[in-house]
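Shared between the two complexes below is chain A, which has chain B as its partner in the first and chain C in the second.
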Partner chain A sequence: MRYFTWWSVVCLFCVFLAGLVVPLLYPRDPRTPYPGSKLEPPSAKYWFGTDVYGMDVFSRTFYAIRVDLILAIIAVLFAICIGLPLGALSGIIGGIFDEVIMRICDILQAFPPVFLAMTFLITLGNNLSNLLIVMALLNIPVYAKMVRSVAMSLKTAEFVQAAYAAGHSRLTAAMKHVVPNVLTPVFAQFPLSCAYAVQMIAGFGFLGLGIKPPEPEWGSMINQNATYIISGCWWPTIFPGIMIILFSFLLNDIANKLHKLTT
Partner chain B sequence: MTPSRFFKIDGLNMKKPVLYLAQRIGFLCLLLWGIITIAFILTRALGTPVYLLVGQQADKEIIESLIKSMGLDRPLYEQYFRYFWSVLHGNLGISRYTFRPVTQELSQRLPATLELVLAAMILITIIGILLGISAAVYNNTLFDRCVQAFCQFGASVPLFWLGLILIYIFFYLFKLAPAPLGRIRPGLSLPKTITGFLLVDAVLLGDRECFLAALKQIMLPAVTLALGSLPATIRIVYLTILDILNTPYINTARAYSIPRWRILFVYALRNALVPISTVLAMTFGYLLSNTVFVEAVFAWPGIGNYAITAMYTMDYDPIIAVTIVATLGYGLAYLLNDIFALIVDPRVRR
Partner chain C sequence: MVFFDSVSINYITSKTIIPALKNVNLFINNGDHLGLVGESGSGKTTLALAIPRLLPNNAKIISGRILWYDTDILRASAKSLNQIRKNISIIFQNALACLNPLLPIGKQIADVLRYKAGKSVIVSKIRAIDLLAQLGFTNPEQLARKYPFELSGGMAQRVLIAMAIAAEPRLIIADEPTTGLDVIVQMEILHLWRDLLSQFKSALLLISHDIRVVIDLCEKIACMYHGEIVEKGVTQRIVSDPRHPYTAGLMQSFYGIQKRMFPFIPGVPTVSVQEQTCGFLPRCSFRTEKCLVEPPPYVQIEEGWEVKCWRPLGLQTCA
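And then the complex of A and B:
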């Protein structure tokens, strides 16, 4: 039976909307510290309490939706933009070119992601654009391999052969005739990659890579307040974590359903 | 991401075992070359290590003398071969923070990480395989759905957050676990190192107090690390066993009314051995990467924490060294898995 349940999409949309609207309605700024009220427990004034610098956890947690989710989506789109043509060309051209691209992908995938990020960000500079490059590098092999396997099977298809006969080059054949055929699996993979990217960005943030503290980001929020959980300050740690779980759960769920729908 | 597939090369199963192993070892060498090259490009070709060392505002003379002494005035290809040669000889550079050889510092910290990873590995092997197989056998029951729900939810939980929550529950609320302060509680002296694994050393020396203290310390980080990779492991074991249970030869065995336990443990499990060992190799790779988060949360003095402290001082040689070690560990686990497959599965040997 082929059907698609929309509840996780609706939920995701609602939470994302909350991320856009809540910072506008909630009175406290996510980046302003209130030095007089550090580590205050949740109350009517501070809904999720305040963190170690006296910044409002509620406002930061919701504001971070924009930062984390948008960053994750941009990173994955960036990876698709590179991985898609690379995989298509690799499958169509074959030979040495294919071999080299695939071995590079193998090497990239064999790298433990955390160490890849550390190596890149420490040597090239710990900033946002390098973080995006690292996230793309982690996702490119997935898409390149996926597209390549489809392109290989289309190599002998009649419409590709017809394109050659009409005088088109292999580049045109790859872009015009292979790419449209892989959009469905790529689309099904997209939410899964986003979920992975959200977790990775939060993980890197926790280690101090990528987004720097005054900017609200779930991983770095947890990192700042991690030591205080020993003395029982659970609120600045738990809420950002719940957000990460919520987003990756919803995205994973959507990916599962899309996968069932497309195969 | 399905890393379990990426060592598979099309049509390999038909070749002879020697060629098969040579191909895998060849890939391991390629991997090593890849890491060293990337490390070289990042540190020496794209950025000048001198500026990372002394900062942008240093004296011209200091910079020039440093460039000379580090061999940076040589052509790039010569630097590359020198770097390659020194890494292959186990010289991974010198820490800019402690001024000690990275190889030495790394080898002191490696046992702590391995102890943690192996402890988590034991937990995963027992729990993951047990749950995976039983969920497949009792497919479409309430138990199966519970396991599936756990997998789906567990895959979304970030590891560092899970560690902190476990600390909050078991240390702060119930006072069951010791403070998350490394391998042994402060004040208790470390035993003489024999293997480097605290638990093994304590048993060898017959030090009961130390063994119990170390066991208490490793409990929570190992459980955290295991829980992080458990969903993926259970899922793959479950799918493999489910696939095998639906094959004609199992149905034939059922038709012969062979007892259920015999079908499962004699007929099905033999075919499942190779996929399961592949899953475990993959899990080992995940653990080597994930251990960074757990070590950061529990102040575990392993290679992950070493990389993090190096990161704060912008010390890149230790980070590259840890990367090389972790990636090689990953590759070696896959190689072991390939050798195991060669021994167990006659189809690979043919």
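And then the complex of A and C:
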């Protein structure tokens, strides 16, 4: 196996574990406001301070790991589940089917992501399931196009030809020889898409789309408290911001290493 | 077993039409070992790929039929074609590219046994290891667990041979099986082929531009030029006494190299659709007035030995 450093995987795992464990051990509920302690600075009582509603920032920041990361992973997996078979079929079958699928992907990618998400969520309802669908919609063309390009080159690969020559039908050859081989770039793309999805979910949260307060979410936390930075209350916005950067960095680093490993 | 009946195939590109096979007639009987020689672009691989109907999408069958016993392969339904393909094994030139990079070797051989011969999972696993041992691997169990990237070119070629003979097919098509291997490994593979061919009853269609390999393994030979079979017959007879000017040139080049001379056939092959007469005409030193006017007929020299030429060479020994 070629050189692969695990530190970013270990870091990501630790932070994710913290997201699962910290809310269980830390005494303050992320959704409960403490009206008497609005915008309290970090202290022994409130480790990361409190926000404008008096909610505990430490608890909220760590609880939001569950929300943002899990939501991002589910959305990307959902996109892979649809994009991979579509791309594989497109590449293998070709012809009009391929044209139709690829043009739909082009249309989806032609919209600016935020514009598409806003239109979708405002029209069909601003809720979690719609946010998931829109995140998946943004990622489906990425996977469909990537898998298609690999499937097209694999279609004429000699081992696939050998499978045809052995009497395998097109479907069997595709399932057995083409699909497992297109998984490699999908693996490399997966963390990158997750990083992008975390940023997008936080971005939508900042714009007031998707997850709504008091549910903890980094983007909406920054949005609620951003105006108080100028009065010196940096803590409700800085910590969620650090988390977004940390996750994006770790996931990008993993994607980068996987990409190097697979090419 | 396989009969090419006046088969013509063209490759259609956006700019031009390239004739790949022109009125090819060929018969491969059960247990025949036929070598197909000719230079690059002469249509050898197209002929071979037409048997299991694995031609590229831009190949167009103009005329003729390829019979597998009584079934016309070119017009067979997908189901019957798959049945026919189960009786054929192909070995491509680049052995490593023919193996699925994500599956261990043992599984790939076992898959062939399961799919083609209908063996159970356990039986096919054991047989796969047996086959690897038969092909001279000293540690077959360990090798069966290895992935293609862990093999050398020669090892991959032997694994492919194991896959090809696994289900004891009626026909093995080997497309330049020794090209790209170093000389010592080539020799090993040739020995292996010789042993296996004496054990199995499969017919062999061997494509090569290395005449030495064909002389070594095949008792019959067909020489292709410009999409046509210009000469076919018994290997020993043709090698010692070629009748077509192209075959003669090919043999001269081969034996010339052995004598440290480097004779070559003058000119380069041309590709043209309009050409109606002999394909070798522009490079032939024996052409006559008639060659310019009419395409040459097949002239039978003796039983099973045919030459497509207006003026087959007389007794001419090149060796």
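Some observations on this one:
Everything below uses one rule, namely that the second predicted complex is superposed on the first by the 241 of 263 C-alpha atoms of A that agree within 3 Å, B and C clash if a C-alpha of one lies under 4 Å from a C-alpha of the other, contacts with A are read in each partner's own complex, and residues count from 1 in each chain.
Assume a residue touches a chain if its C-beta (ideal position, glycine included) is under 8 Å from a C-beta of that chain, and two chains touch if they have at least 3 such contacts.
In this text the structure is predicted, and so the values were computed from the model without any measurement.
When the two structures are aligned on the shared chain, A:F111 is found in touch with chain B, with no touch to chain C. Residue by residue along chain A, chain B and chain C are tallied for touches, and B comes out ahead. Once the two complexes are overlaid on the shared chain, A:E158 sits against chain C while remaining clear of chain B. In the superposition on chain A, A:F249 makes contact with chain B only, while chain C stays out of contact range. Of the two partner chains, chain B is the only one that A:A226 touches; chain C does not reach it. In the superposed model, A:H168 lies in contact with chain C only, and not with chain B. Of the two partner chains placed around the shared chain by superposition, chain C is the only one that A:H177 touches, whereas chain B remains out of contact. Shared contact residues of chain A with chain B and chain C: none. Across the complex, chain C meets chain A through its residues 52, 54, 56, 78, 82-86, 88-90, 92, 94, 97-102, 112, 115-116. Listing the residues of chain A that touch chain B in their complex gives 103-107, 109-116, 118-120, 122-124, 142, 145, 195-196, 199, 202-203, 206-209, 219, 222-223, 226, 229-232, 234, 237-238, 240-241, 244-245, 248-249, 252-253, 256. Remark: chain A residues 156-159, 161-169, 176-177, 180-181 touch chain C in the complex. Those residues of chain B that touch chain A in the shared complex are 1, 3, 6-7, 27, 30-31, 34-35, 38-39, 42-43, 46-47, 52, 152-153, 155-161, 164-165, 167-168, 171-172, 179-180, 285, 288-290, 292-293, 296-297, 307-308, 311-312, 314, 316, 319-320, 322-323, 326-327, 330-331.
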